[in-house]
Every structure is written in C-alpha cells, then in structure tokens.
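In what follows, a single structure is set out as structure tokens and then discussed.
Should a chain be cited, it is by its letter among A, B, C and D, assigned in written order, with residues numbered from 1 in that chain.
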Amino acid sequence: MMARLDVRLLEDGLDPAAAYAVFDRAEGSAGAVVSFTGVVRGESGAVDYLFLDWYPGMTEASLQEIAEAAAQRFDITALSVLHRCGKVMAGETIVFVAAASAHRRAAFEAADYAMDRLKSEAALWKREAGRDGEHWVEPRAADAKDLKRWT
Amino acid sequence: MMARLDVRLLEDGLDPAAAYAVFDRAEGSAGAVVSFTGVVRGESGAVDYLFLDWYPGMTEASLQEIAEAAAQRFDITALSVLHRCGKVMAGETIVFVAAASAHRRAAFEAADYAMDRLKSEAALWKREAGRDGEHWVEPRAADAKDLKRWT
Amino acid sequence: MIEVLFFGKMADVAGRRSLTIGVPDGGTLHVLRDRIFADALAQGQVTAQDIRMSVNKVVATSDRRIDDGDEVAFFSIFSGG
Amino acid sequence: MIEVLFFGKMADVAGRRSLTIGVPDGGTLHVLRDRIFADALAQGQVTAQDIRMSVNKVVATSDRRIDDGDEVAFFSIFSGG
C-alpha cells in the first residue's frame, strides 16, 4: 500500500512543533515516528538569512519525487516533507521531515534518506547573506558523501 | 562540552507533541533535531496494553547510562529520553527520544543509537496483555541485531 | 536483615514482590537464589541462568557477597522498552 | 515566442529573472544558451557547464529542441535545501 505523502513548499513560516503535532496525531498509531527539523544556523552572527530561490512547479516536483522515492524504498505508512523557500532568517526552521512506520528502522531510514536527498537534490538555489555580504552556496562535499550511502 | 540530558521515567502519560515542542524550543537552535516516538501497537486487537515492570532507581539509572553513552559517542548538544513505565495502553506513547546537534548525521545517529539500546537494554520487564491472556515478552532477535550495528 | 525484591517473570515465579530475610550462611547471592527459588528450580519452572540478580541496584553475578542491610533483587532478563 | 526564466546564480549573471524571445535558428537549447550568455561566456564569468537548463520544467541537455510556446529555464546547479 502506498504511503500517505504530504509534501509542501512554504513561502511563509514553518512551525516544527505544529507540524510534528499534526503528523503525530494523524500517523502516530503506525507505531514509530521519526522526525527531522533543520534550522538556519546563525554561525555566531556570520549568517543573517538564507534566500532560497525556487522555480514554481519544478521545485515542488523535486520534493515530491524525493518523497515518493523514500516511500517506495522503505516500508512506511506516511511521510511529510515541508520545505521553506524564499527568505529564511537565522534561527528559523528551513525543513521538516517526518516518517511513520510499524517498524522503527524503516522510519529512521526513510527520514534519513529523504533528508540526504533534499540536502543535495532539491531544486533550490541557496544564497547566504551575512557579515561577508551575499553569495550563492554550492552543494557541499559532505552532502554528496551522505547521499552516496544510499546507492 | 557535555550535552544537556533530560532523562525521565514516567508513570503517567507521555504526550509526544508536548515533549517535541519543549525540546525544539529549548534545543532547536543547534541546527538539527531528530525525534523518535514509539507507540504501543494494538496489532488489530491482539494487544490491549503493556505492563512495564520497573525497579525504581535501577531502571532510571539504565536510561541515564544509555543517554550518557549516546552523548559521549555523538557530537550532540542535547538529548531527551522519556520512557513510560507501568501500564501503557495500545495507542499510547511508550517512548520519546530527541537529539539536537549542529550536524544532521550526529542527531540521527544519537537518536537511532539511543533507541536501539533502549529496546534491548533498558532495565524494564514487559508483559503483554491481550486476546491471548498475559505473558512476559523476551527481548527480540531483531532488537539484538539492531544493537550489533553499533559495536 | 536484607530486603529482597522481585521483578518481571521472577515476581510471578516467586509469587511475591518483596521479602525480608536474614543473610544466609555463606553470604553469596548464589545461596540466597537457590534457597528462595528451590521449588521452582527443582520443578524446572526456571533455570539458574534465567534468574538475574542485583545488589543495591547494581547487576551482580551469583558469587557476589551480600551483607546485612543490602538490597538484593531477582529478576528475569531485561526486555527493554 | 518562448518564455525564458533564470534562477540562482544565472539570474545574477543574466541580470534578469525572465525574458520573452523568438525561437532562434536551429531551435536547440545550446543555441539559445550561447546567445543569451554570450558576453558572460566570452568573459569567463561562467562556463557552459555551469549553465543548467530545463524545458517545460523538466531538466534537459543542451541538444534539446525547443518549440514555440515552450518555457525554458537557465539556472546554476541545485544547491539543495
């Protein structure tokens, strides 16, 4: 049976506690829920905000494709992928992923896999603004290495 | 720097959404938060409840030891381990673990490691009550296998 | 006197949750275990290996010496959470 | 006419977010890319490999044919989230 997917690209805020509460209420009875929340780190004042450029339609499709691949690959009952776009201030949540499964391992792996792919393959372009001005961020070598774990 | 640990054995309820909100508010700025929530599965009516027998003092110490080992092993800033004891009805949350870190991978691994150890090594004795009466549950082979991943 | 506690399946086997008892001759967990679980062991209801032990809330082996005032516990293998 | 969109660093390089243009002779992404980014490529501001492309929101290679009414986009490598 296909997992229930909730994939959203959000131009406004993302409240992880609210997202967690909604997901847990709807999907918690599966047995195991794993969540991941990522926050933009200020790096001791070096980063003021990120701007995530996005291509309406293509960016959502890339998130959806990653969620579907996770659901196909792991024995999960539900997966939520919420991702910010536009301006995200330091201290704000940029991404929330939650996976539900009857099995602890599948829930962990689905969330982990989805995050590794999102960090490398989401159709987003990240510009960092801070103490040293603004610059586009390239994919990091560490993210490419994380992604390789699944091949 | 030692991570902040919040380890609690709970005789009454455990609200995972409230636990998540508290942890995220206090620790989310680290950058990455991974949570795990485990719920007692009714197995289509086969299980009515679990009774988790515990030894006051020794059981808490076993949870604390697991949390400290996770904090020592992984680069995390905070770890929360909340575990029920006593009677836990089908559909209720039995365990909540959350880890915060600057690094996605460390947060995932700390939560995963803590759960694997809790499932095998927490000083608890589990009795399952349901359609087929009551019986003590032995550690599962799958849990022993999960635990071996960390050695 | 020592306080003896029972947890998990061993509470069922012993038919009780606690017991206050004098330290037996020899003063090891082994002797106490064999005395308390004599019937269950004789009837094969449990084996000696099934019976885990602690002294003052620290897991111990059967050769552990016990002293007056200690808290001893007998229990089945931890099932985990 | 085709609608051309720019994202990420390529919006900075092109100095714009969008452009409406007639389909060029030859009708491939390659020709359109080289025309739009002629100055930046000549000045070494970007290389042809840096410029990723899509047609109708699907990632494409430079030999992809484009037709009247298509939506083309040029962008830098995805940075991920």
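Observations on the structure shown:
Quick note on the criterion: a contact is a pair of C-beta atoms (placed from the backbone, for glycine too) under 8 Å apart; a residue touches a chain by one contact, two chains touch by 3 or more.
All figures in this text were calculated on a predicted structure; none of them were measured in a lab.
Note on connectivity: the fewest steps through touching chains from chain A to chain D is 1.
Taking the mean of the C-alpha atoms as each chain's centre, chain B and chain D sit 51 Å apart. If you average the CA atoms of chain B and of chain C, the two centres end up 27 Å from each other.
Centroid to centroid, with C-alpha atoms defining each point, chain A and chain B lie 24 Å apart. Of all residues in chain B, those that touch two or more other chains are 38, 119. With touch defined as above, chain C holds no residue shared between interfaces to two or more other chains. Pairs of chains meeting the touch criterion are A-B, A-D, B-C.
Contact residues of chain D toward chain A in the complex are 5, 7-9, 11-12, 54, 57-58, 73, 75-81. Contact residues of chain B toward chain C in the complex are 38, 52-55, 57-58, 61-62, 83, 94-95, 118-127, 136-139, 143. Listed in rising order, the residues of chain B touching chain A in the complex are 16-17, 20-21, 24-25, 28-39, 41, 91, 93, 102, 104-105, 107-108, 111-112, 115, 119, 146.
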